[in-house]
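Take a look at the structures listed below.
Each of the next two complexes has chain A plus one more chain, namely chain B in the first and chain C in the second.
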Partner chain A sequence: MSALLSVDGLTRRFALPGSFGRRRAEPRIVPAAEDVSFAVAAGEVLAVVGESGSGKTTVARLLAGLDTATSGTVTVAGRVLSGDRTPADQRLVQLVTQNPRAAFNRRRTLRHALHQPLRVHGLGADRAERDELVLAMVERVGLSADHLDRLPGEVSGGELARLVLARALLVRPRVLVLDEPTASLDASVKATVVNLLLRLRTELDLAIVVITHEIDIARRLADRAAVMYLGRIVESGPAERVLSNPRHPYPRMLLASVPVPDPQRTGRASAAALGAGIVGEVPSVTAPPPGCAYHPRCPFATEVCAGHRPPIESLGEVDVACHHPR
Partner chain B sequence: MRPRPRLPRLGVAGWIGLACVVLYLLVATVGRLHGDPVALVTPGPEAPSFAHPFGTDHLGRDLLARTAEGAWTSLWICVTSIGFAVAVGMPLGVLAGYRHGGRLDGVLMRSVETLQALPQFVFVMFLIGLMGTADMHFGPVTVGNGPRVAFAIGLGFVPYFARVARGATVVEMREDYVTNLRGLGVPTREILFREVLVNVWPPVLGQALLAMAIAVFAEGGLSFLGLGVAPPQATLGNLIADAGGQIIGGDWWYATLPGTVLVLGILGFNLLGETAGAGRPRAVGTGPVRRRAPEQTPEEIPEETPRQIPAQIPTQIPTPKETQ
Partner chain C sequence: MTNASTAEEPLLRVRDLDVGYRGPFGPVPAVRGVCFDVAPGEILGLVGESGSGKSSVCTALMGLLPDGATRTGGIEFQGEDLAAMRERDLRRVRGRRLALVPQQPMTSLAPTTPVLRQLRWYLGDRLDDVEVRETLIGIGLGPVLDRPRDLPGSFSGGQLQRVVIAIAVLAHEPALLLADEPTTTLDATVQAQVLRLLLTLRDKLGLAMVYVSHDLAVVSTICDRVGVMYGGRLVETAPVRELFAAPRHPYTRALIAAMPATTPADRPLRAVEGSAEGANLLPGCPFAPRCPHVADVCRERMPAAVRHGAADVRCHWVDREAGR
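This part shows the complex of A and B:
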């Protein structure tokens, strides 16, 4: 199975602007994404999970061409995409941002919002044809034409989430990147959106990258999963392996931190019970720890972890970057 | 279709303002039908009567006709000057806001702020002083003092509109929908002028109404000082200036009635501007709420968004510099 989307060694470093009087000082650099590589086939869903600040959103922005990578490449259907893309290339990857409430211009109707991408890319010969395309797409995501003449503020959150998807799909992308698609939705709407995504993936043969910190959503949606920590992928592989029985201590801690909805289980979070000891905070992103970035929080860390960064190694089905995989 | 037309939510102050503006406009338009503003209709000053509702002045000219003429002159000078200020200031502000924090932003805003170094009224008097008050001749075109007063007042207002437009643009550019449109491949030009601009307009419009009040006042002040439109053409300012000497003689109507019309204009535009600027109805839950005190006067408009302190999270840095 050849990959529709392949990402190779994607790196993005930000320089923090120096404060006044410290111009000459060494500029502080935030490595938001370091050497991120993965591949997604058509019809496949990859979930990228990790804590806040792990670089998930940076990867999403790089994929969508909203930011230029420091190094590394994004390849879609054989085309290498740079940060500065032609309109045709820009269409290939569509990003859906986190908050559907903010994703539309509040003073323009939804009809305008959905027509605009078609007009910009010259899809649909005239207004009537574009109208048909918009209507078909709106119905595909389970809404009706009544929604089109409203302003975004007059439509519910769940409907907006579907309209954002509809707008992204109208330009006929090959890759869909969803940044926390369910974070701002309530439970019932979440289910609707997840089911819609699963249906669209098979119908449209898309490669989907879902950026999320909700493990249960990732389990439900994804075929493959990648776990990021401080800008690097620490473990990747089939979702059922990575999201239930990971080899790297960090995803193990992450999974153990997910609350289990079992009224019999009370008391401390299971992460502590796991022997993971200190769950701790994410270290400073400007000065990531040397060696394995996870070693200050890792219960299994040894001297080698502090000194050498573990390379990514293939362990059966999964790829893990750890000196002491479980 | 949704029911579109509804009564604007103005509030008490807004409705009072609207009433004042309507009265002022009535005087400036319908009042002009009353008669010739320069014809001598009575032998001397006469108190208001049925034939001359505002009375007549010391030369025996009908004061309603003159007040209407004055209100009309003030109105077009103000509309022209504010139109000029918006037309120049808003594009500058949008451009500066788009390049927020960049060099162009700095150059534009600092040069616009140079205009604000002098108090606005002093700046306008300085400009009039440079241009003189006599008619100017450019070949066949004669430029009277009116357009020049409009230009001077307008130039004095450019910084206000540039600042308001810049502030609103900076806020809008950070909104998610701009990111989405860029992701969709919508050209920057279209994002700025078809999407961002519709959200920059409302605060600029509120500001324009407030500025109208000040422009009516400034034009009145200039004419009062003899720097504005020269007699015999009437403006509210030179009417009141002429009336000054007559109050002692007991001709109360001469200063009071044109003065009332001037107050109507200033108060009306001010109240309306306050309403438009303050209670901006926003779609529920979209983006940050614009923080704006309702009782703000144009003299103390702060930069709408202060520079943000660089956040720890890399994706939130406003203008990331690339490093290799």
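This part shows the complex of A and C:
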């Protein structure tokens, strides 16, 4: 199976403005994403997992063409997409942003919002045909025609999340990028969106990239997973492997810090039961540590980790960037 | 008395708490008829979705509701009725015996004063105490001590949240800590450390906590007992183990069924149709419109809390099934 989406050496560096009254000889550079490579086949879901500052949203923006990469390429169905895309190229990759409430014009009906992408891209011959397309898509995400005459403020958060998805799918993209699709949703509604995404994946034959910090959601949705730390992928591979028994020490600590309900626990909650090896926090992206960026927090770090950045190497099923994989 | 968890005299006893806010079309109820106890040294979790009233309970307990909000009901804390207390007297309790850790540490600290100086405002000369310094270093606040001139902006969210917890807990060693989503804005690895810090402080100082969160998984790791809120009502209160092993209220069951961690990977998550919007206005059970077991009586009248096993449940269906 050849990849529908392939990302090769994607890098985005931001220059920090110097502070007032102080002239810097050299502007400081923030490496938001460094040498990020992955491939996603049609019908496959890749979860990109990481904490704040890991660069996962930067990757989402680069995929969608909202930002231009410093170097590296994004290829969709054989077409190399530049940062400055033609409308036809823009259609190929659609981004669904984190907060559905902020993604709609509050003063226009949802019908208007969903017609908009069709008009912009000249899809559907006339109004009647566009109406049909919109209705079919709204039903596909499990909603009905009467949602269309409402304002965004008049539908619930879960319904709005489905409508953002419907809007992105209307232009028939090949790649769907979801930035934290369930983070703003209540627990009872999250499940609806997760189940819908799983259904759409098989129905539409899309390559889906899910950016998330919610490990349990990633486990549900993804076939493959990539864990990012300070702008770089530290481990990638089959989701069931990477999100349950990773080889890089960082994802191991990340997984250990996800609270898991223990129905067997009797008596009081105790500090001892919470992962003891969880230390430190993500350093500032403006000054990533030298060598392996994770080495100051890593219990297995040696001299080589501080001096040399580990290359990504293939270890069985997974690709890992670590001098001392577990 | 239906929901005392232990024979011990409770530290906090909340009875029939109602909170309402001023809305454009009249008062909007946010908390309705909430009753619970917290024993000394106990961590009670309040879990619910946005708009369920869990934060309003916290704000009401602190006596910090905004102007125009109404509050009725009893709040008995260490034998005193906070609800009847005048603001002047409340100030002797607030921050001393009863402390709050808010969700956003950034907005709780002065942005233009060094963090260390702010710590000194509350801890005073005890900040020079070897033991206090060791505690601060032990909870990861070494950088704050080492960088005396740095403002809040140059520390991370996790560090600031620990500063706020240190102020709340170490300044006066309160008997009860109200924690309102203290880890919601934090990264997973930092959240784990803050949760561990809270549990360590409980073990060390014996303080009790009301821990408010929307995340059932977090609540289950830190709390001894959990209260589930929906539409301003407390629908079920149970020890953590009981809540997961035998959830009773249909909403609690739905919440647990919708958790990815408790559902086998090959089965779809059980979603709850509908939304919680407007549930706080319903005359009967707030969950009735989404409930699979709804009957006419549910829409008309909110059931009283009834003890089932170790849980206190407010549900007509649970009562019927149990033959009560």
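One rule holds in what follows: the second predicted complex is superposed on the first by the 307 of 326 C-alpha atoms of A that agree within 3 Å, B and C clash if a C-alpha of one lies under 4 Å from a C-alpha of the other, contacts with A are read in each partner's own complex, and residues count from 1 in each chain.
As a convention for this text, contacts are C-beta pairs under 8 Å (C-beta built on N, C-alpha and C of every residue); 3 or more make two chains touch, one makes a residue touch a chain.
The model shown is predicted, which means the values in this text are computed figures rather than measured ones.
Visitor: In the overlay, answer first, second, both or neither for which of chain B and chain C A:186 touches.
Guide: second
Visitor: Using the superposition on chain A described above, determine whether A:4 touches chain B (first), chain C (second), both, or neither.
Guide: Neither partner.
Visitor: On the A-aligned overlay, A:13 touches which partner chain: chain B = first, chain C = second, or both, or neither?
Guide: first
Visitor: I'd like to know which partner A:253 touches here: chain B for first, chain C for second, both or neither.
Guide: Only chain C; A:253 stays clear of chain B.
Visitor: Could you tell me if A:108 is touching chain B, chain C, both of them or neither one (first, second, both, neither)?
Guide: In the superposition, A:108 contacts chain B only.
Visitor: Report for A:90: first if it touches chain B alone, second if chain C alone, otherwise both or neither.
Guide: The answer is first: A:90 touches chain B but not chain C.
Visitor: So in the superposed three-chain picture, is A:198 touching just chain B, just chain C, both, or none of them (first/second/both/neither)?
Guide: second
Visitor: Can A:52 be said to touch chain B (first), chain C (second), both, or neither?
Guide: both
Visitor: Using the superposition on A, tell me which residues of chain A are in contact with chain B and, in the other complex, with chain C.
Guide: 52
Visitor: Considering the complex alone, what residue numbers of chain A touch chain B?
Guide: Interface residues on chain A, with respect to chain B: 13-17, 27, 29-30, 32, 52-53, 55, 57-58, 61, 64-68, 70-71, 85, 87, 90-91, 94-95, 97-99, 101-108, 116-117, 120-121, 149-154, 164, 167-168, 171, 284-286.
Visitor: Touching residues of chain A toward chain C in the complex: what are they?
Guide: It is residues 51-52, 156-159, 186-192, 194-195, 198, 213, 215-217, 219-220, 253-254, 256-266, 268-271, 273-275, 278-282 of chain A that touch chain C.
Visitor: Quick check: in the complex, which residue numbers of chain B touch chain A?
Guide: The contact residues of chain B facing chain A are 1-2, 175-177, 179-187, 190, 195, 198-199, 282-287, 310, 312-315, 317, 319-324.
Visitor: Which residues of chain C touch chain A in their complex?
Guide: Checking each residue of chain C against chain A gives 43, 49-50, 156, 158-159, 187-193, 195-196, 199-200, 203, 214-218, 220-224, 240-241, 244-245, 254-255, 258-262, 265, 268-277.
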